[in-house]
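First chain A sits with chain B, and in the next complex the same chain sits with chain C.
Presenting the complex of A and B:
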């Protein structure tokens, strides 16, 4: 069985996709310890079972809100086989911000590019294949409310589970230099070895409270 | 720049690079919404268009509702007469005729205009115009320490402050929200309108419309002033910038408009059936008892109401107001709709004769003072309840009550003395 999680900004059509994938086979509960709804479901693609967990809608992964913390902890600690990042094509720039952070976490990502029909009304056209090449991840164009792209998404998820991709995302030289130095330190001192070292380095540099606490440091590194 | 900001920028830079290589600009088809927005969101035309629409809303509501209000009035007068003629026990006849039917009639004549205002607003809301209005008003609102999103709650305040204060929940920033809530009771709700209509109609005849409009403007001006003061002296900081998504224009559905108008009107009806009903009976009791001393409710001077009114009188005497105004304002704390009804009950006359009774107790100057006090003083009970709920406690609620009392007294004093100075009696 493949374990997948659905991540994405609020209002990207996440529940529509979740429902389209799982149909009536859903289980609704709460995330442990908090009153945030947790939805899980099962779907099938050519005999392979896919378990789908719906993460709360979030804009970033700073763990500053309960929703962000739930999503981040789930991806870091439960390590789902595939994380489906649902991106609103009509708001692509803002949505890709979360994508960048998911890539930093080195999650095995599949991009579901939803609301493709609305992008043109915003005045642009997206070349899906070029986008896929640029970020090095599979991209599935979708119009979920019309059920377009759902089967392709399942197929892509199964494929991604079998051949995981974790392309590095590289930023400007100045930023990379700082990350590189910190990453060396993280590796050497074995800080939070259960997480990707580059991710830990970025979070420490950002001054992320949760990660700082987990790393057992009280002061700024 | 700290690293968190630096990497956030780096992420967006990277996104820009990626999108630059796989996104192609296409001619954006100009939609119907875009064409309308060119006019209504125009730098110069925006505000005039908005003001015209608002004027149309009120104009529509009041002219269309007039015959309905007349019908309500005729109906309750008939009920009242019927009760007084058929019930033999004089005390019971007075309770049912004057107290219940009289009191209900005074309140329910305002049901039609309120319902129509809400319907007209629902149309504007459902077409998608109201979110544009927030955008158009943002600049003006920012000047007084509020922001565009404060605008819709302020607008709703003209209907009733209770749903208006609840509508502030859409404002994300805590301080912006608090200030909006605290000045909201200054927006003249529909319950205060009858007081203006009555006094302006009796004392200012031809200029009644202008006087009523100036009450609304005074409310807006004071709200702007207090918001500025609260921002500068109490909270500090700047209003947060407005980010709004403009939904495309749509044709509102009849069902949608009626549902939303009904939900809001129901609040008023509920109040009429509970607080106002009980209030009317209480006022009736206070103004007709002790039954022997008042000679069956005809000599109000000897009633309990007079005792309360006389207790309040020294405080409002400098504003030219007597004990009858005192009891009316005291009752108005329950709900401001009651002010007019109370005067009617206290003077022992029906709605049609209340005008002549008023002339003997007020002058044009004190009538203005009365209107100003009604505009500003104490939020009604229901509003205090919602203030406490939304401001999260008694501390800020108490602050609102206190500042409104002081402000009402000051402004009414200035208006009254100003009138004396320019020779208006």
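Presenting the complex of A and C:
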């Protein structure tokens, strides 16, 4: 069975895609310890079972709100086989910021580019293949409310689970140098070894509170 | 000048974002980064909150946060 999680900004059609994927086979509960709804479901693609977990809608993964914390912890700790990042094509610039953060976390990503019809009516013309090449990730164009792209998404998820990719973002030389130095320290001192070392390095440089706390507790700085 | 002082209808460019690290990070997360164009759409009574347009979407921010965003004329 393939374990996948749905991530994305609020209002990108995450629930529509979740319902289109899982149909009636859903389980609704809460995330442990908090009153934030957790939805899980199962779907099938040519005999392969795909378990789908719906993550809360978020703009970023800074973990400054409970929703962001849930999404981030789930991806980092539960390590789903595939993370489907649902991007609103009609609001692509802001949406791709979360995509970038998911790439930094080295999640095995598939991009579901939803609301293609709305993007078109706004006058946007998106070169899906070029976008996919630029970010090095599979991109599935969708109009989920009309059920367009749902089968393609399942197929892409199964394919991604079988051939996982590690996305990477290269920053300017100056920034890369700092990341490289920090990453060396992270590896040497075994800071949060269960997370990708580059991700930990970037978060430490950002001064990210949650990662600092986690690292601090472990190494007793 | 501060974003909170900009009149509805005007378009300005963000020069800098201040505030405590958490608020600042959140504002940057929402696309209020240096060099980004911002249009003030309208104000609620007492200019709190104000609605702005940034990176193709509409965002409502509190006066105290808008005061932390420094802008220049386009």
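Operating definition for what follows: the second predicted complex is superposed on the first by the 216 of 221 C-alpha atoms of A that agree within 3 Å, B and C clash if a C-alpha of one lies under 4 Å from a C-alpha of the other, contacts with A are read in each partner's own complex, and residues count from 1 in each chain.
Just so we're on the same page, a contact is a pair of C-beta atoms (placed from the backbone, for glycine too) under 8 Å apart; a residue touches a chain by one contact, two chains touch by 3 or more.
The model shown is predicted, which means the values in this text are computed figures rather than measured ones.
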- Message: Given the alignment on chain A, is it a clash or a fit between chain B and chain C?
- Response: clash
- Note on the structure: The answer to whether chain B or chain C touches more of chain A is B
- First (chain B), second (chain C), both or neither: which does A:93 touch? both
- Should A:171 be classified as contacting the first partner (chain B), the second (chain C), both, or neither? first
- Message: Going by the contact rule set out at the top, does A:207 touch chain B (first), chain C (second), both, or neither?
- Response: both
- Query: What is the contact status of A:190 with respect to chain B (first) and chain C (second): first, second, both, or neither?
  - Reply: neither
- Look at A:123 in the shared chain and tell me whether it touches chain B only, chain C only, both, or neither; answer first, second, both or neither. first
- Query: Between the stretches 239-247, 329-337 or 347-355, which region of chain B is in steric conflict with chain C after the superposition?
  - Reply: 239-247
- Note on the structure: Shared chain A footprint, chain B vs chain C, residue numbers 93, 97, 206-207
- In the complex, chain A residues that touch chain C: 59-60, 62, 64, 91, 93-94, 97, 206-207, 209
- Query: Given the complex with chain B, which residues does chain A contribute to the contact?
  - Reply: 92-93, 96-97, 100-101, 120-128, 130-131, 133-135, 169-172, 174-175, 178, 202, 205-207
- Message: Please output the residues of chain C touching chain A within their complex, sorted ascending.
- Response: 21-22, 25-26, 29-31, 55-57
- Residue positions on chain B within touch of chain A in the complex are 2-4, 6-7, 10-16, 18-19, 21-29, 31
